[in-house]
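Structures given as structure tokens follow.
Below, chain A partners chain B and then partners chain C, in two separate complexes.
This part shows the complex of A and B:
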């Protein structure tokens, strides 16, 4: 168990393509931090640099304050769970899990004891003699996890470990990863492109875009107060209004005055989730008139596309009856649901 | 529909098998004939041609030489070819396809041209010993088999598996030996067998690179056949067939049918 610090990390494959720029990140002892971002944002590159599978072109990776940048991958004593599981096809489940301990020259009896223990914790005790090819995807990922946990790694790295599993298994597996990580008090880094998955599992989340961390906060803070348009868009904010003028808590968008709960200096954009826009009967403060352009049934709500003076907005409304296209509506933006963003 | 297709398939298979096997069966039968020249059908039954095989010093020394050269060339092709393929499939190499083609190129050049070129360049010009040149020739013959077979299995093997071995404490070399090799074992054995058989049976290259003390079995057989047309040649053919069959059986026993199909 250890603390991880990434300092001014830079990575480029050639002069024109910089994958990572001045990346800084700190993970506390026993903390699970996720890197969340779209594919190609550099999150896997970051993880592979930390693991030692890639050599960065600048900056440092520190574990407990010691720079491990020059330490070869096999001496870093980390554990890693791969998206493709990457089990050793020629070894049984038992030997797959025992692999790391054997490399560390642990005594045979001790290996047997520790492997059996971790197989029991991960519910694999009956599969010990099987080969990976005879396991389901979920079981393989469990073996991969057991293989990582048994070496008591200084750092547990998880590279999109759930994306090859079906939806149901993904939920139970992420709960299991979280449970084991907390029980064994491991410092862990989890890379994913799935917002829900990472909010469910993480102590803190770093949202990454084009090689930069846009926001590093708890899931709650990121959900309630995204700092940039990219972060907001990535976690489900769908309405973005360009600010034309500002005065204290009041922002003007196309001549409409809107009040927010928290002001941000030089805010350029206001945003609100579709489900936080309310349909009201009468005009008033933070309210704008609009016309329903189209609607979609979402199951738990209707999704309306509404044309207003502010632009075309998406509104989710839980109601028994569906509004007809062309219906006139009043949209209300609760002050605390309307967020100001700097870019 | 399916039945008709099966019939066509069956007929074609039977015809192909017949043309493949019938000549071999004839050779086997002629090996036991008592006539002084190869004749079919045979008159009388004898093992004398088999004992004559072992009475020919050219055959015995040729067999030994072919065995040594085939073994050495196959091992050399693996020792050079496997790291080469590893580099080409696991590292970012510029002009990768170009290299791949280069190492497969001996297949595209007629073997007789390789033999002549090596003789002219290495034996006549550089004055390299004949045996060394012969070994180089057979190594060139073998390399494409290693490159092709091992590339196929390296591409199929998930690169993350090796990375996992590194993460869990194996150095690159150790991971290659303990994780990569066991998982490409079938292709290594298949490549070795193909190398061995092709080198062992090769005539065009050996023909240019033989000398008074250096004769390979196939060229010895060819020489013998030019002077004597007796069933000794049939007898040695039978022995070679048995030898190859034994090798196949060994592979099948060690690795299973799958490895044979890879060849």
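This part shows the complex of A and C:
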């Protein structure tokens, strides 16, 4: 439907509380981009500025190259799905969905046709005459989605739309959102704090921290090659080793030489996922000795906390038997699983 | 046992209602039955004027209190908690002052040599003092001032239940602020609007002190007419007739209000 560009966006409520700093982001036509971050990182603020519900203190929001910053909310022609669903409690499902079309002065017969169509697509055709209070959370969310989609918005904004649903429903709803977004070829922006959810439905993900975008990439790239400690930590890397010296692909941590697959200039930290650390029998390259401090059963694996020269590490090991506390182990870091980070 | 103790707890209230509400009511209605009190009342053009004036003042007061109270309630409900509690006390101020004092304040403001006339004359907006006091308008002004707190208090409960995101959703869907107000906010407030309007209307319809002090003897309303019939003319029977007519009119209008609200609040079906 449209391209979105955020240019040098800034937001502050007063001099001391800057919510957003020089935020830049580009979303291509028909792309679904997620903003992923912990609560309070400014992701919802960003979305509300794009929608026009908040006025930024600096920078621009461009849709197809036109600055919409001065355009009031009701003239932006976007669609938005709220965390609380925000359905009109005094209107039926049909009238909730028809609301946007009525504001656009669409003819009555055409409204009936389009509303019926979108209700069918979203599986709500039998609930048209119900009131929101008589619907389940999942149904309300569907109505909210149908209401946003029916007006054929230039941009679809989703503000943590799944966080009030139970785990099972969350998975099926996110698949449905993705399916509808692709079918209607809609440009969409999705805000969430759930890493799995956003990886599952996004073309690209912007990981946000304290008002800044730390990394903007495809889910695959972010998962395999996080650029900063914050991003790595947020998506499940749990071991962080401070670099003391570097030479080419070799980094020294507390006197231990470790080889990585890809070097990063001035790397300060090495990181590895708990499930990528291997337990081996003999010492060797990229291997360090350690002692098991404690263990936890995770279902698919055991999580060991191992004390080594590098520090205390978390290791997930799939195995039938559990290692006893105090057991001596050799930990091997596969070269391609060990990442160097700049900060 | 439980039912019995519950009944014992209810008994004082039930007795009080029977004793202090139904008994005087019956005592008022009883002597007016039989005889030609009602046809006498309705045949008098003067009485009909008083009845019409009472209705007009009550209706205008209710509408003005609603028109002023609704934005006020919306504004108060959206303030910070600490400021909100200050505002709720300030808003109740007119009820907390003595009726006579309150109305004398308005006499000072509205009188021929009053504050308002002095301002108008001083600004050369008028050459002669304007007659404000002892008019229907004066009664309305005094009544709105008195009943606005009741309207705002009734509305605030409904207003606080509003979800701000619902209004934002309307805006994103293309609704102008006015459309959002009339199509989204007001329809969610029907309960509060009805409660407030009933209280204000019933109050304005039966008020005595305000019309007595601000309307004077030439602008009688039903309540002041009752007093005149009973205390000045000594015609207790006719005073009872006026009282019963007042009760009937109040009940009829409140019933109509309820019907209108139900019609407004009807869950619209799609066409």
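One rule holds for everything that comes next: the second predicted complex is superposed on the first by the 343 of 343 C-alpha atoms of A that agree within 3 Å, B and C clash if a C-alpha of one lies under 4 Å from a C-alpha of the other, contacts with A are read in each partner's own complex, and residues count from 1 in each chain.
In the analysis below, contacts are C-beta pairs under 8 Å (C-beta built on N, C-alpha and C of every residue); 3 or more make two chains touch, one makes a residue touch a chain.
Remember, predicted model here, so these are calculated numbers, not experimental data.
Engineer: Looking at the superposed three-chain arrangement on chain A, would you call chain B and chain C a clash or a fit?
Structural biologist: Once chain A is superposed (C-alpha atoms), there is a clash between chain B and chain C.
Engineer: Regarding the shared-chain residue A:267, is it in contact with chain B (first), chain C (second), both, or neither?
Structural biologist: In the superposed model, A:267 contacts neither chain B nor chain C.
Engineer: Identify the partner contact of A:171: answer first if only chain B is touched, second if only chain C is, both if each is, neither if none is.
Structural biologist: neither
Engineer: Answer with first, second, both or neither: which of chain B and chain C does A:200 touch in the superposed model?
Structural biologist: Neither partner.
Engineer: Touching A:78, do we find chain B (first), chain C (second), both, or neither?
Structural biologist: A:78 sits against chain B and chain C alike.
Engineer: Is A:256 in contact with chain B, with chain C, with both, or with neither (first, second, both, neither)?
Structural biologist: It touches nothing on chain B or chain C.
Engineer: Looking only at contacts as defined up top, I'd like to know whether chain B or chain C touches more of chain A.
Structural biologist: C
Engineer: After superposition on the shared chain, which partner residues are touched by A:95: those of chain B (first), chain C (second), both, or neither?
Structural biologist: Touch partner of A:95: chain C, not chain B.
Engineer: Need the overlap of the two footprints on chain A, from chain B and from chain C, as residue ranges.
Structural biologist: Residues common to the chain A contacts of chain C and of chain B are 51-53, 72-80, 82-84, 86-90, 99-100, 103-104, 147, 151, listed in rising order.
Engineer: Using the touch definition up top, name the residues of chain A that touch chain B in the complex.
Structural biologist: Going through chain A, the ones touching chain B are 51-53, 72-80, 82-84, 86-90, 99-100, 103-104, 147, 151.
Engineer: Any idea which chain B residues touch chain A in the complex?
Structural biologist: Per the touch definition, chain B meets chain A at residues 158, 160-161, 163-172, 175, 179, 182-183.
Engineer: Which part of chain A faces chain C closely enough to touch in the complex?
Structural biologist: Contacts found on chain A: 51-53, 72-80, 82-84, 86-92, 94-95, 98-100, 103-104, 108, 112, 128-129, 131, 144, 147-148, 151, 157.
Engineer: Which positions of chain C touch chain A when the two form their complex?
Structural biologist: 163, 165-166, 168-177, 179, 184, 187-188, 265, 267-271
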